[in-house]
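Let me begin by presenting the structure, written as structure tokens, before commenting on it.
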Amino acid sequence: MDYTMQIQDTAARLFSEEKIDLFIGYRSTGFDNNQVPVLIHHYQDVEQLVFTDKSVFNLTNYLKYEYTRNKRVGLVVKGCDSRSLNLMLTENQVKRENLFIIGIACEGVMNEQGEKAQNCVECVMPDAVIYDELLGAPTGQREYQVNADINELAEQPLIERGTHFEEIFENCIRCNACRHSCPLCYCNKCCIDQETSTLYQGSNTTSGAFHALMTWSLHLAGRCVDCRNCEKACPSHLPLHLLHKQNEQVIYENFQEHLAGMIKDDRGAFYKYSMSDPDDFIM
Amino acid sequence: MIKLGQQIENKFLEAVNNKSGNNVLDCYQCGKCVGTCPVSDFMDYPPREIMQMIKLGLKDETYMANSMWFCLTCAACSGRCPREINIPYVMESIRHLAIEENEYSDSGKVKQIMKFHEIFIDMVKRYGRNYELRMMAEFNIRTRNLFKDMHLAPKALLKGKIPLGVKKVKSTKAIQRMFKMAEKLEKTQ
Amino acid sequence: MARVGVFVCFCGANIGDFVDIPAVVEETKKIKDVKYAIEYKYVCSDPGQQMIRDTIVDHRLTSIVVAACSPRMHEKTFRKALSDAGMNPYLLEVANIREHASWVHQKDKEAATEKSCDLIRMAVAKSIANEQLHEISVPVTKRALVIGGGIAGIQAALDIADARIPVTLVEKSPSIGGRMAQLDETFPTLDCSQCILTPRMVDVASHPYIELLPYSEVTELDGYVGNYKAKIKKKASFVNFDTCTGCGTCWQKCPVKVPNEFNMGVDKRKAIYSPFPQAVPNKPVIDAEHCTMLIKGKCGVCAKVCEKGSIDYEMKDEMIEREIGAVVVATGFDLWDPKPYEEYGVGRFKDVITSLEFERMVSANGPTGGVPVRPSDGNVPKNVVFIKCVGSRDEAKGIEYCSKVCCMYTAKHAILLHHKVHDSHAYVFYMDIRAAGKGYEEFVKRAQVETGATYLRGRVSKIYKKGDKLMVIGEDAQIGQVVEVEADMVVLATAIYPYKDNPDLARLLGISYDKYGFLSEAHPKLRPVETAKAGIFLAGCTQAPKDIPDSVAQASATAAKVCALFSGDTMKKDPMIASVNPEFCSGCENCVSVCPYQAIVTEEIPMGHGSEEVRTVSKINEGVCQGCGSCVAICRSMAIDLAGFTDMQIINEIVAI
Amino acid sequence: MTKLTYFPGCSAHGTSEEFDSTLKLVMKSFDVQMEEIPDWNCCGATSAHVMTENLAMALPMRNLVLAERLKNKTMGIACASCYSRMKTTKAEIDANPELAQKINSTIVEEGEYHGDVDVKSMLQFFYEDIGLETIQSKVTYPLKGLKVACYYGCLLTRPAAITRFDSPEYPMSMDRIMAALGATPTEFDFKTECCGASFSISDTEIVLSLSGNILEMAQESGAHAIVVACPLCQSNLDMRQPDIDKLAGKKYNTPVLYLTQLMALAFGSPVKDLKPSKHIISIEPALAHIGEEIEIPQKKAKPKKAVAAESEVN
Amino acid sequence: METELKDKIVSIEKPAIEAPPEWKPMIMGILCNWCSYAGSDLTGTSRIQYPPDIRIIRVPCSSRVDPWFIIKSLQAHADGVLISGCHPGDCHYISGNYYARRRFLVTKKLLNFVGLHEDRVQFSWVSAAEGAKFAQVVAKVSEDIRKMGPLHLYKKENTR
């Protein structure tokens, strides 16, 4: 999977036609083929752009910041990224007319160990669902797969699972990198930082992290698209996807196979309901 | 006079409901079934009255009625019942309950009907299929009415309407085993 | 610095016997912020309230907690006490130590006491976060919109207009009058329906406070109680009502014949028509679906014969807007279609007709001049079978409910048949006779005894045709025999079914409806004319099957409700509603999608920092918000809060235990 | 070539041989290959379920299991009673796997039930799978002039929840097939009334009364013959007709034909293939009507009262 | 060092037998005003007795309940949480309980996933007429929690 040339061509064309003010893509770090996001402002810089199976980050995250707001932006999105973009559009965080979207029919990206990343193995929708230009051959929606780690954890006894998560919460340093890297965490002021919610939690404690991460994952429940930007950003290497995938699975299985951002104007699972939602867990 | 109020529980109603998968209490006595039923004129109590008798818990009276033996299961009533009661199922349940408890009318008509069915089942047990001529003959012998339908016989036989033999099922043993197993099931219930 | 006063009530022995109140007061005094705590026998009594008032002043209290019965019981009483003492009434909290402690833990005084302490501690914590709230006053537009011009709509419009409140009456057909105009005579008095209805119709047309919009439909309703904005589509009538005199030449000359809906299709009307002679307004409209001029551009006869030049084939639908404060929905009913009754030969036998077709036939202004005739051959029937509960009380083929009026109108039909055809005989198949109403039972007796109608208890099983007779088979359950009636005509008492467009209308108005399409009242017993949406009321058969007196009574009741709503220039409203902090709002509009009342709108505010750019944020419409808190719970950035149940108040309660 | 699993039923080898033979002729013209279920058994008919619970389901279930072995999508059943037993049993065991397992336990040698064969009556098969157009296209000898009363009986369309085919009160499928053959179906209100069915032997009185009503109404409708798709109905209406005549004091002389007999005739088979000798009431006089002109009833002159119905209100 | 680690391993859910004898469960009850709170009042007026372990908070509607309240309650002092609202279709605010139901299911499963016993957080629909049901519900929750024992949700860093 290498669309470097196509992306460079399109970006160059967009700049020359003055259709965009800025292009968000990936550039190589020159180190072990790793890539980082790059914001290109000028025609002459498009040569920096690359796209391979090391283009791991979800670039839509950059659309939530002030420096892209109300600018005409071109960007590259993979299947998962396009779903988060869909949600951002639905939730009025970006304007469609400001965007030129290069969608990728993604074949999966690599993790740090050079294997196909877990979320790509389990990916439900590798093709971009929204785009102006599509690169690659679409393969269509796949069957939903339960996350392997969740399967494993669900079988463990309760106490062991509790210990596992206590370790996770204990190791959280509350740096909020996860929040910053998530394209859907665009709130003006995060609830975690507000007075009401900081009351009685102790900030940098296991309990505080429990509160923060649980609340955060519930705010992303039915919205998270499993791009794993948060996990890549986490300095403590916490398996944050566990919380999100758990919620995603419960939601998929119980609420009409809801998957976030698959359709335009489809809001998160908590902002709609069905009369036939499960009721048997309620007395 | 029928005396009510001596028993609070209506076990009969419960039994019929359980067996038939219907709730007889749904019946509101509109009588649509009675006008629909092709044989209601021949019954002691038409279906509507049977429903009420079940509601009142009149078990013995219901068992002694000939109504359920006359039901043809033509399903005309259930298709029209405004309360969607499957009346043929209710009739069938009373029939089965009556057979189980060995308490049913000994009127000639009922006997005749039961005899017919018994002979029919017997035919199936013996041959796996129905042997029409033999069945008719046996029915006449067993009901001691040797000359019933005899006026039809020459014409029917002559025209080949009723064949003289029967093509038996090859694996009659399998059929007979099925009969045994089914009987066993009946008993274990 | 908070200064909380706590009043613990003995409630006589109700609390006092099961909770150690002095101990509770002692414990309460230990709570930080509690500056005053006292027990009293009955805090809700006059001296008890006086004590609260005095203490507030004497101890400069900033909030009050009363530990007593359920807040659902006396919250209002205590709030008034606070406000009498010059304190904001919403600074009160009630700790429910009666229903939640003393009465449910009567065998464990220690536990009840401990729980009471906790409940008070929670209430104190909550009260510290209480804010001063003020009742919201919402301006009121004093104009009512009545949808539907049947007897219920007419009555509601007249009653409201008589109170000098302007009314806009919208009717979808060319004339008001509704179903009642189709009736011949009315039970139980047999007075002529038209004779009592037409004066009312004329009153509507001439009332200075009523704006009549015939041939119109409501297409949109925005806003909230007291401040609705309705969009109404005036359908093109192709006739200029200002110049038309209603002379009738046009419809006499029109060559196109169409089945006449007013007469249930028994005869034909023209493509330009006025539905019936007493129509109000008595002006014709052109039926665009059938007029050859409008379809093919050929004909134009009506324009040629109209001396006033009132015909305008170019006329377009017109949209008008009205600002209104309240809506009365009176869309009436349709007859249930008896098609599923195949055993009655519906659709196959022409002489099996519905009750409203019969009603039109026996009506003096009807298509057959007041004499019932067999549609198959035009002969006058002698034996007529009436079948009740066709559709009603039939879960399998129709609907579960009882249509309420069929017993009575069938009795009326039996009497009318006898009046119109003297040597006829009526057979009525019934399941039960439901004649609860003034003079109703007497009326049924009249049909049975005076008219001699034969009443047979049973639901008809089947109708078949023998020659030109209809054979009606059913059981007469009273003798337990199947009977077969040789009939010339069969009249089906078909059920009342809600007006077919009710679900669409309900969605448009934002009110709810049941599985059949009847619009739902707010409470089946205590609020039978209101809907769950404030300012929208129901009258007549749109809510449930009703006869004329009931519909009229309900219509008058809605008028009283509307008048009460409009009694002041503004309306008072509970301040416990949601509000948005625009600073935190990121404008995702998820709250808009969860609000059950469409109370959340969006507005643009400056970006801040001197920027000229704007951003979109949510805004709660105070008039519409009912304070459920759905939006509060889903707002991720905590930009929305609910007065009276703020996040801070609830978290204080949670943390206090 | 389409394949169809065929369950003939006991009477196909007995009283309704002509049904079976003409059915085969008709299927041949439609190019449908019928595969008879090997070693099928009696469905138990009314008797089994009058007297017993489990046997009444075990007997049909054995046939269903055998039918599944043939791997065809659909099983067509000639006899209405067999059809009803089979279809009801299938509905019940499909809805209740526990019951299915229980009943399956009595069927030892034949194997397990899966529930993947569709059960249809021949009428339903003609109407839904063959279609009116195909039927019409095969007609070489239109039955013009023949007026028939289509008699469905109880079990072809009832109970509606189980058969899910046509109307339980006034079905039209057979009428439409007859019309496609060129015959004229009459307006006949007793289409689904019961003929007395299994009381044929045990309580003949009932049969005479019920079948008598049907014959009376068929004659009233002006039909030359009654068309049926059920052997029991045929034998009750045909074989018992002389007795009914005696009771009614008149001669009905209404032959009772199988649907397939008329189809075969219309598709060009000679009358002898219909096995006319099997009929107690001779069919030839009725068939003689074929080719007659049917008088179109004149529109009656408008009675005076009807004038009012045409007048306008305005 | 080793003892500390061992202590941690059973830090959330400890076997009930290890509960101190004087321990009483604390259940946070959050009830909607129109149905369940009214129902709990009816329990009182009918004098139906139930275990004194529940502390009730009134909210206008079950849809007012942010999952965060549940997390907070468990963090603060509660050993269990009961949330109750109107039966589906009966919501005073038309559809509030349908939204709430979705959030509750996800929250319940998530808490269970991270190591809390499934029945720590329970839900019920109690109408204004179901005073007896409310008592049964509280009794059940209380019994469940008593079986589970006290919750040790990272408590060692928190002081009351």
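To keep things simple, chains are lettered A, B, C, D and E as they appear, and every chain counts its residues starting from 1.
As a convention for this text, a residue touches a chain if its C-beta (ideal position, glycine included) is under 8 Å from a C-beta of that chain, and two chains touch if they have at least 3 such contacts.
The model shown is predicted, which means the values in this text are computed figures rather than measured ones.
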item: If a chain touches chain A and chain D alike, it appears here; value: C
item: Path length in the contact graph (chain B to chain E, fewest steps); value: 2
item: Most widely separated chain from chain B, with each centre as the mean of CA atoms; value: A
item: Between B-D and A-C, the pair with more C-beta contacts; value: B-D
item: Innermost chain by mean C-alpha position; value: C
item: Centre-of-Cα separation between chain E and chain C, whole angstrom; value: 38
item: Averaged-CA centre spacing for the pair chain D and chain C, given as whole angstrom; value: 52
item: For chain A paired with chain E, centre-to-centre distance based on mean C-alpha positions, whole Å; value: 33
item: Touching two or more other chains - residue numbers and ranges from chain D; value: 168-169
item: Touching two or more other chains - residue numbers and ranges from chain B; value: none
item: Set of chain C residues in contact with two or more other chains; value: 343, 594, 634, 647, 651, 655
item: Set of all touching chain pairs, with the criterion as stated earlier; value: A-C, A-E, B-C, B-D, C-D, C-E
item: Residues on chain B engaged by chain D in the complex (per definition of touch); value: 38-39, 42, 69-70, 72-76, 78-79, 86, 92, 95-96, 99, 109, 112-118, 120-121, 123-124, 128-130, 132, 135-136, 139, 148-149, 152, 155-156, 159-163, 166-167, 169-171, 174-175, 177-179, 181-183, 185-186, 189
item: Residue ranges of chain C touching chain A (in the complex, touch as defined); value: 583-590, 593-594, 613, 616, 634, 636-639, 647-648, 651, 655
item: Touching residues (chain side chain E, partner chain C) in the complex; value: 26, 28, 33, 37-38, 40-41, 43-45, 47-50, 52, 55-61, 63-66, 69, 72-73, 76-78, 92-96, 99-100, 103, 135
item: Chain E residues within the chain A interface of the complex; value: 8-13, 67-68, 71-72, 75-76, 88, 95, 98-99, 101-117, 122-125, 137, 140, 153-155, 157-158
item: Of all residues in chain B, those that touch chain C in their complex; value: 28-36, 40-41, 46, 48-49, 80-84
